[in-house]
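Below: a set of structures, written as structure tokens.
Below are two complexes that have subunit A in common, paired first with subunit B and then with subunit C.
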Partner chain A sequence: MEVNVRDLTGDIAVIQLVGRLNMASAARLREAVTSIVDSGRTRVSIDMSGVDFLDSSGLGAIISALKTTRQAGGDLRIAAPTGQAKLVLQLTNLDRVLTAYDDAETAFNE
Partner chain B sequence: MSDAIRHTLHMSSPPDDVDTVHGLLEIVWTEVPAIGMEDRFSLETAIIELASNVMRHADPGSGVSCTLLIETFPDRIEVTLSDSGEPGDVQLADRDMPDVLAESGRGIPLIQALVDELRYDRTDGLNHWHITRTLKSDG
Partner chain C sequence: MVAVDENGTLDVLIRTDLFGMPSDDRFPNLCRTAAAHYGAELVVVAMAGPESVWFQSRHGVVSESIERAGGFCETAILSDDPLIVEDVLADERFKHHPAAAGPNGVRFFAGYPFHGPDGERIGVLAMFDLKPRTFGADEVEPMKVAVDWIESELQGAQDLDRAADVQRAMLPRNLAPLAGYEIAGVCIPAKSVGGDFYDWYAIDGGLAFTLGDVMGKGIASAIIAAAVRAVVRSAAHESDVVEAVERSATALSTDLGEVSSFVTMFHARMRASDGLVSYVDAGHGLTVVVRVDGTADLLVTTDLPLGTLDDGWSSHQVTLEPGDMLVSFSDGVLDLFDGTLAVVDEVVAMAREASTPRSLVDTLERLARRDGAPDDVTVLAVRRGLANDRPNGTQT
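Right after this comes the complex of A and B.
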């Protein structure tokens, strides 16, 4: 899985994930979010449009990242999950706590 | 039984991991193109959850060896994952999704939401996990 981080204005960072968010890659998402929060940015938006597979290990990393941002006074939002990832978010009821925004760039504008 | 298409994968974890299993599934979906997207999503998720569970919990410290058998019938897919690890200690009955902010505990209920049957047995010193999913007729 590729993890690409870019800064928006203010304290917002966008993480673009490309590939599979599973047991083999979940730690990289946790590390990326910890690093972002340590650098002072507390609002994180995850662009999931390139995630072609998501499982419970990946969900655990997203929840962990959500807690990391909230404990620092910020928040985490997800954007544009498709196909299998969308199905998994629905089946695990996570779509109730993590609204899927259309676009990671504007997720904090809404 | 003779009309099943069989794919088998032998793994040792480490170094093999769930991406090794994704690699086999890419071959299955290519060789059995009639399987619809919903069936693929569901089976791939259930199989990866099962493999993750075995690699995470069955490893006694020296690694775990597994054999994954995927049998595709005209109306269903049957999956058996056998491993040499610690005996499975998983309560399969009546598993609900954990609290939404829990960081673990979704694997088994997710599998159960995606397949018709999930069974476990231990024979000859091996754990055997069985999954069956009936294929959608419009696949």
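Right after this comes the complex of A and C.
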């Protein structure tokens, strides 16, 4: 899986994920978020439009990331999950706390 | 644990449980790599069987086994040290061995015995060549590395088998907790053990049942699943289903937090007298009631899994009328079909077809085993009997 991080103005970082977010790649998402928060940015937006598979370990990494940002006084938002990833969020009711925004760039504008 | 019996034949402990018999190619890369490394013609991982030595993995060898008595492999398994025969025709023990006969006979043998998980000698990593060669200590050393690896693999396999036995033993079985109801479940881990579990037990005036799915797969998930099951059971005396889940969540929150895991769960309490089911759905989402008239209701789910934000759980009610069947299943079932929510309709159709929870569970188990499910597959089904059903209590 590709994990691309870029900064927006302010304290916002966008993580673009491409590929399968599963047991093998979950740790990389966790590390990326930890390193973003350690560098002082506490609002993280995840672009999930390129995630073609999400398993429970991947979901666990997103939940960890949400907790990490919130503990630092910020927040985590997700954008554009599709297909199977969207279904996993829906079944677990996590779509209730991780509302899907249309665009990762603007997720914190709303 | 090697002995020679009164007939003078080898009596090693035969561990058919460690490998499938006759030949279960568990170390194919090892044989190929060893053959390339040494430039040897034939390499086998051989295990002692009752009368033969079985080549569990082999490179350059066509047959699956050879006779045991007096052969290279048997002698090597009996040896305390590696058996190195640099020139077979110069060795009194083997020069007349049938395998050494003719111009293409075996001229070189190196065998390093290995042990089973309980320390008994059970097999040998063996190498044959068609020309004599010298074989020094520095060449024996890589064989030792390979044998250490084989032994640790066998140890790991046995640990996993035992863990799987324990996990199976923790599933409920043959009790008949409730007259007038039938219940059945199955849990098929994708690996030897997994993070799914189901459970049921009698409570005052009825039955409690649970289906849980711990994040991930394999041993780490299985350890957490055992803790979750125990904690939820310990809340059995709570008459309120929400109290039971909240108590469990509180007890588990530190552990789940430490390992960054979470659990989706369907937990229900059913009143025997009228079939009223009170349940909490903690991010499980896959429970359906198939009515006696063939219609089906996917049960309401609103709450988060345990170990996520723990922002509270709520109870919902559904009544099982005579002939209705409640079916709860893990998301691994989705992967048996197209992976979408359309799978719920597939399960409903199967439940209509099945006359009992047992036959529904059996059907899904066959599918999971046939397709080699990529995720843990767990199904729990409860049916309230019709008034004219024969009283048959619980099946497993």
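In this text, the second predicted complex is superposed on the first by the 110 of 110 C-alpha atoms of A that agree within 3 Å, B and C clash if a C-alpha of one lies under 4 Å from a C-alpha of the other, contacts with A are read in each partner's own complex, and residues count from 1 in each chain.
The criterion applied here is as follows: a residue touches a chain if its C-beta (ideal position, glycine included) is under 8 Å from a C-beta of that chain, and two chains touch if they have at least 3 such contacts.
Not measured: the values here are computed from a predicted model.
K.L.:
With the two structures overlaid on subunit A, would subunit B and subunit C clash, or do they fit side by side?
P.N.:
clash
K.L.:
Between subunit B (first) and subunit C (second), which, if any, makes contact with A:Thr34: first, second, both or neither?
P.N.:
Neither subunit B nor subunit C is touched by A:Thr34.
K.L.:
First (subunit B), second (subunit C), both or neither: which does A:Asn93 touch?
P.N.:
The answer is both, since A:Asn93 touches subunit B and subunit C.
K.L.:
For A:Ser49, is the partner it touches subunit B (first), subunit C (second), both, or none of the two (neither)?
P.N.:
neither
K.L.:
Considering only touches as defined above, state whether A:Gly60 meets subunit B (first), subunit C (second), both or neither.
P.N.:
After superposing on A, A:Gly60 lies in contact with both subunit B and subunit C.
K.L.:
Check subunit A for residues that touch subunit B in one structure and subunit C in the other, and list them.
P.N.:
Common to the two interfaces on subunit A: residues 23, 55-57, 59-60, 63-64, 66, 84, 87-88, 91-94, 96-97.
K.L.:
Under the stated contact criterion, what part of subunit A meets subunit B in this complex?
P.N.:
Its residues touching subunit B are 20, 22-24, 53, 55-57, 59-60, 63-64, 66-67, 83-84, 87-88, 91-94, 96-97.
K.L.:
Hey, which residues of subunit A end up touching subunit C in the complex?
P.N.:
Per the touch definition, subunit A meets subunit C at residues 23, 30, 55-57, 59-61, 63-64, 66, 84, 87-88, 90-94, 96-97.
K.L.:
List the residues on subunit C that touch subunit A in their complex, please.
P.N.:
195, 213, 215-217, 260-262, 264, 283-286, 301-305, 308-309, 311, 331, 339-341, 375
K.L.:
Contact residues on subunit B for subunit A in the complex?
P.N.:
Touching subunit A: residues 17-19, 22, 37, 41-42, 44-45, 48-49, 52, 55-56, 97, 100-107, 109-110, 113-114 of subunit B.
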